[in-house]
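Presented below are the structures under discussion, each in the form of structure tokens.
In the two assemblies presented below, chain A is common to both, partnered first by chain B and then by chain C.
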Partner chain A sequence: MANRRRFRHSPVLRNLLILLMVWEVAGQLKLVAGGALPPLSDIAIRFWQDRADYPGHVAATVWSSTLGFLIGNVLAIGAGVLFVLFPKVQRLARGVNIAVFALPAIAIAPILVLTLEGNAPRIVLAALGVYFVTMSATVVGLSQYDTRAADVIRAYGGGNWKVMRLVRLRGAVPDILGGLRIAAPNAVLGAILAEFGGGGRWGLGTYLLGSLGRGEPARLWGIGLMATLIAGLSYAVFALISARVLGSTRSVTLNTALPPDGADADAPLGLRVSLAVGAAVLPFVLWWAFIRLTGVPEMIARTPWGVVDYLFLADSSAVARAKLGAALLETLPITALGMVAGLGFAFLLAIASRMMPGFIRAFMPVALVTQTMPLVALTPLLVLMLGRGLSVTLWITISVTFFPAFVLLVQGIQRVPQSVLDLPRAYGASAWKELRMVSVPAALPYLFAATRLTVPRALLGVMIAEWLATGTGLGNLLNQSRGYLDYGMIWTVASVSVCLSVAFYYAVLAVERRTLTRLGMQVVE
Partner chain B sequence: MTAVPGISLRNVCKTYRSRGSEVVALEDINLDCPPGSFTALIGPSGCGKSTAMRIALGLEDHDSGEVRIAGQAPATATASGITGVAFQDAALLPWRSVARNIALPLEVLDRDPSRYSHEITKLIELVGLKGYENALPGQLSGGMRQRVSIARSLITSPEVLFMDEPFGALDQIRRRQMNVELQRIWQETGSTALLVTHGIDEAVFLADQVVVMHANPGRVIEVIASPFARPRRDDLYSTPEFHALTDRIAGVLHGQ
Partner chain C sequence: MPLTIGRRGFLQGTAMAGTALALPYAAWAATPFTMQAAWINDAEFAGYFLGMDKGYYAEEGLDLTYLPGGPDVIPESTLIAGRADLALTTPDTTIRAITEQGAKFKIIGAQYQKNPIGVVSLKKNPINAPADLVGKTIAVPPVNIVTIEALLALNGIDKAQVQIVPYAYDPTPLVKGEIDASLDFTTNVPFTISQLGEEAHSFLLYDHGVTLYNDTVVVTEETLASKRKELLAWLRASRRGWIEALADPALYPPQWETTWFAGTGRSIENEVYFNTAQKPLIEAPGGIFSMTEEDIEKNIQALAAVGITGTREMFDTTLLSEI
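And then the complex of A and B:
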């Protein structure tokens, strides 16, 4: 059934054509922000004029993101297998995993540029972008295997390793491919972000940076569309592989939740506590080890202790705290506001769309395209259209939260079995009552999951907007600190934003667990 | 113990413990399947019939008592390839063709599947799937998948064959057809068979002896012989003798 829906392209094509035509007309008539949205034909002409520039930049971006994609995925799949075989290791690595998931890439881009050389920052950021996605997909895939098939193996004297080799590894391939599909655009985004934040001669991010001040909307659009195209193609390649090779009809977004914990509820308290403490400490140990191993001077690279020193003990710490506090006060409210608006909008639209399935079919492809659009390429375009005020920050936050939340919510609601929906109707309930009794409660777990999962994206969106457009908040502080060579502040902003992201993730998770437990529902994994 | 083929469970006990509560799954189970015989294990849900089979296969540990498969401990017997098993779900690997699914036990036992290509072809014919060698499980009907699973259970030419409701997912009509086929296959191979089932008529139709179990705690109530001449045919179902026996077993099953 899902297959048939996916391959019904014609309404999608029609909608796309309409969209393109509206775009051309709006551009020609300078309807949007006095010409900030150029007509498609202008973008195409500009692209043709710039055609000599693109190959080098595109090649650089594709090269870095491919390398990062490969390295990140090898690590992720290896880690996934390790976590499944040794649940205690997974427990221990939990802190690192969440930190990797939650870190706003823009915050650590400057750090990577400071500590690594050449292409390495781009590759690392691309690898970081894919690690969590593929790792979770691997763990989920390996954990959900056919236990009956495993019984057959064991009934012939096969052990854990034979079960892993004959049943679980192959069985996880669809999940892993699904993960790779989501991970591929992430790698492109990571590479472009690092290019953007860290000099170099080639790369779409560099090209974008160089074109920002020139007041040529058509070129910015060209670069933005090219970046989207690369990210979209990378998604499409893996979508095609999983569809053709496996005939898999899996959901289009990823299962980003944390992989299920190993069954350690029965473990002794002492072990559980030490694993939890280890999980919390490990990210900082890795941070410290990273600095020691790269051998970057103390002056530039700060250890965890160095950040504490900078923020609380050093002579200038009061000034640093004041700056950070002021930036946080600017960044956090707008992030929260944007998230609430984006999530609320997604929730309402997803619920409403239950009654208009045709709308979903037309809208989902658009929602999916926006998922692959590299944020850093999108932001300058929004700045062009919306100016440099608060509204641009707000819109970026709304858009980065809205689409993933919408996709997740729609998929959640679609999972409600028809019979459950039919029951209230069979007793003559109105559509509104059916909505209140079935659809809304059914969507609730997915709303929580969406909140939890979009926090890092929202923070990333706000910081990019602040860096590029508004000149306020954490993003601006990061950018300024680069200019002033205030290394302590760069490390501080990076670590504080990661910690905030993780803390917020856990806060939502706690509320989520309590609420859903009270309602007798399952946390969406 | 003398090394005789067949299945024997002596005073087997099994208790599940979780968070303070205890469930006695099997209480002092005794079971004897003579070589070449067909035994059906029947009882209500939760009577431990599947657990008994899983213990005999070494998939679960038992607390006390002795289990012998062809005179050996379960783990030894299964690892030496003298047993075959078919579960309620066909439990086929969806990415393997029919032939490669049938060859799966060989790979687990570290045998070279290419040396068995003749046996695989013969088994595919035996279960009536000629022409489907390279089909994937997703392309087969439920009944065909079950037949693959039966063929898989026979690939090692097992002395002892275990079946846990192998036709549980099929409808009544398909099931009766499959029972006739299963009887034919079993007679051709001459193995010792143990069938776990819910269905009284299936048990009576296939088995030499029907072992009736009760739940809470799981225990054997009575062993009843099913003496009909073989090969048994479809029309056996409508004979008065068949009905008399199924009625008697139903009575025992419901504690009358």
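And then the complex of A and C:
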């Protein structure tokens, strides 16, 4: 086994080395975009020259993201426990959960800077980045417990709470750790985004902002790679902890009885309707409460009613609606295209990872860099290579969307049971045929889950491209509104983009439920 | 809301009572005062850094807190939210806030008599005047769209004839020829362009009809009424700081390498260039921050070109006449 693993790893290392060498040569010869892609050696030299700058910025970023990570996770785990104990509360909070999951960070960052002061926007954005991941991991972990252990507790007279404390929470530890692992890089990225926009002196985002004006790609790459490193390390820390912890919490034998389903499908219609309405209304109540509690004046901080007033009732509402409508017309078609492109790219990669595992493993570090590299640092490179039209928008959208979808799809393809795979093999089917006839159809639930992940992010990707490169649509309207001091529009764009993302999510969910029910498959959470 | 105000008021009240009991003279001597700057720490704010370092604000009885800005920071918002007493703003946004949002602001001074924002191009592909922009691509920070619209309107150019793309503060696309010009501080970006091996060419919007101030000193009407003494103190100390910072523009930036400019990612040579280039735009016959009747009128006229209605009442020159 050890021997085989070494064999499988060496081509990965080799491919990675080739990749790095190609990068170096391309950079040295200024092959990419007239030298806008710096060679690795330049990045390293620049990093060494800047080494005195980094500690302060890294410390600030790590501090804000750690605080956000802690706060976000405490809330997430607390919420997860609450949701599992009281499924009705989960129903009620569904709107909030989906909204937190779908909200485009660049639309929220200006709102946070407007309403909060000091470090708070950074911490909140970091916390928002971790909440959903950890919360859903907690819920999944707590729901899938070993019923045999729970029966033991019950037999000795323990109640729900005892079961929760002694069985379910313990059993959920691996899942929660898995969630924390994914959440940690999110916290770092959230903090950096808020630093970039929000004033203050320290933090990698601030450093990036000051460095942009130098026209020195080596510095920008250095900052980006540092962000990647911090995000990667935070991931590694939790990967290590979960590897340590995992061994002791897995049951030795397999339990074949599924835990009881918490869903209350048989609840009276009235209750279900009121829960659904409550779920839709709750995000707006929280928004309203947030503004009341921060005490920011109505002029700059709009309540939900303030946005309605701005869009439909105020004197200038016709102008505002026209602006918003024009922006949406520009943004929505490209978003649809971007969803398809992002998902298609993820799908191709997932298939490639099956057919050419060596290539994909070498590609993974590059993929990780695209996930943590602040796109603003890459803007010149991107516009020089791709122009400022459709292709730059699509590539930015792909880079923002493909990764989570890819990870899910690979999982889906890997989870196809061996016995099912044996059948085509026994008949001598080629790898392609096996993939086409067995693996891909079997991974359909994962494809849907991946679509649900991709779709809200596509809007984020398009808005980023509009903000950085094309100067059109919602992304641009958001930024321009700051220059016009049009607070109503800032809040409108932020809330409309969140609502759209949520709507996309639900649209996919509806199609997914229908299709999978017809095929007799289960929805992947 | 009443709850929040009540709590804040209570906290402030207790804090003040506490300090008053403990240190009656010191508390009286240094009044807390917060200013919101318009951007991250660079030479644009040299005068204030010097004033803080040399204790000019303290001498005037101010305990100054300095808040740096950033792309998402709208200085006017900080004033409205009550997080700063005074902010440095762009006059077009401020006046728009007064007319369209009903914000109660007064402009009490102007750091830049002439706005340093200009059209920056390369010498080998120069844009000499607004008319040259026709058929060209110019990168403009999204927040400055109003400014470029003013330039085009005042020079009779149809907006549709110029391609405007977002500017992300990185001069690389300009140097590589992907865009023909950018809208940026002429006091700053030409230096970077020279570092990148090209020669920059620029003109000020001010010289082509957009006769605006920049970094206008803005306060709320309430602050103007209740903190007049502090505002006078701030103006005096800041003017003193600026006079000294500009006397030899190359003297102070190197001294701030490890303090104000630490970790900004910008180079000290860049700050020296910046400070030198901004000197003629800041200095005024009537003293730094001054606003002459003639210049105020010019600002109002330039804004009228883009449909922003400024009035003389939005400017308050009484403080300037007292310092």
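What we mean here is this: the second predicted complex is superposed on the first by the 440 of 525 C-alpha atoms of A that agree within 3 Å, B and C clash if a C-alpha of one lies under 4 Å from a C-alpha of the other, contacts with A are read in each partner's own complex, and residues count from 1 in each chain.
Operating definition for what follows: a contact is a pair of C-beta atoms (placed from the backbone, for glycine too) under 8 Å apart; a residue touches a chain by one contact, two chains touch by 3 or more.
What you see is a predicted model, and the numbers here were worked out from it, not measured in a lab.
Trainee: Record, for the superposition on chain A, whether partners chain B and chain C clash or fit.
Mentor: Fit: chain B and chain C sit side by side once superposed on chain A.
Trainee: Using the touch criterion from the header, give the chain among chain B and chain C with more contacted residues in chain A.
Mentor: Touching more of chain A: C.
Trainee: Between chain B (first) and chain C (second), which does A:146 come into contact with in this model arrangement: first, second, both, or neither?
Mentor: A:146 contacts chain B only, not chain C.
Trainee: Can you report the vertex angle at chain A, computed from the C-alpha centres of the three chains with chain B and chain C as the arms, to the nearest 10 degrees?
Mentor: Placing chain A at the corner, the angle measures out to 150 degrees.
Trainee: In the overlay, answer first, second, both or neither for which of chain B and chain C A:154 touches.
Mentor: first
Trainee: Between chain B (first) and chain C (second), which, if any, makes contact with A:422: first, second, both or neither?
Mentor: neither
Trainee: Where does A:214 make contact in the superposed view: on chain B (first), on chain C (second), on both, or on neither?
Mentor: second
Trainee: On the overlay, how many Å separate the closest CA atoms of chain B and chain C?
Mentor: Shortest inter-chain C-alpha distance (chain B to chain C): 47 Å.
Trainee: Looking at the complex, which residues from chain A come into contact with chain B?
Mentor: Answer in residue numbers: 146, 148-149, 151-158, 162, 166-167, 170-171, 173, 247.
Trainee: Help me check something: in the complex, which residues belonging to chain B touch chain A?
Mentor: Checking each residue of chain B against chain A gives 57-59, 75, 78-81, 83, 85, 87-89, 91-93, 95, 104-105, 107-109, 138, 152, 156, 162.
Trainee: Name, in rising order, each residue of chain A that touches chain C in their complex.
Mentor: Touch list, chain A to chain C: 33-34, 36, 53, 56-57, 109-110, 113-115, 117, 196-202, 206-215, 217, 219-220, 292-297, 299-300, 376, 379-380, 383-384, 388, 467-471, 476, 479-480, 482-487.
Trainee: Which of the residues in chain C come into contact with chain A in the complex?
Mentor: Touch residues, chain C against chain A: 1, 4-5, 8, 40-42, 67-74, 76-77, 80-83, 93, 96-97, 100-103, 142-146, 164-166, 168-173, 175-176, 178, 188-189, 192-193, 195-196, 262-267, 270.
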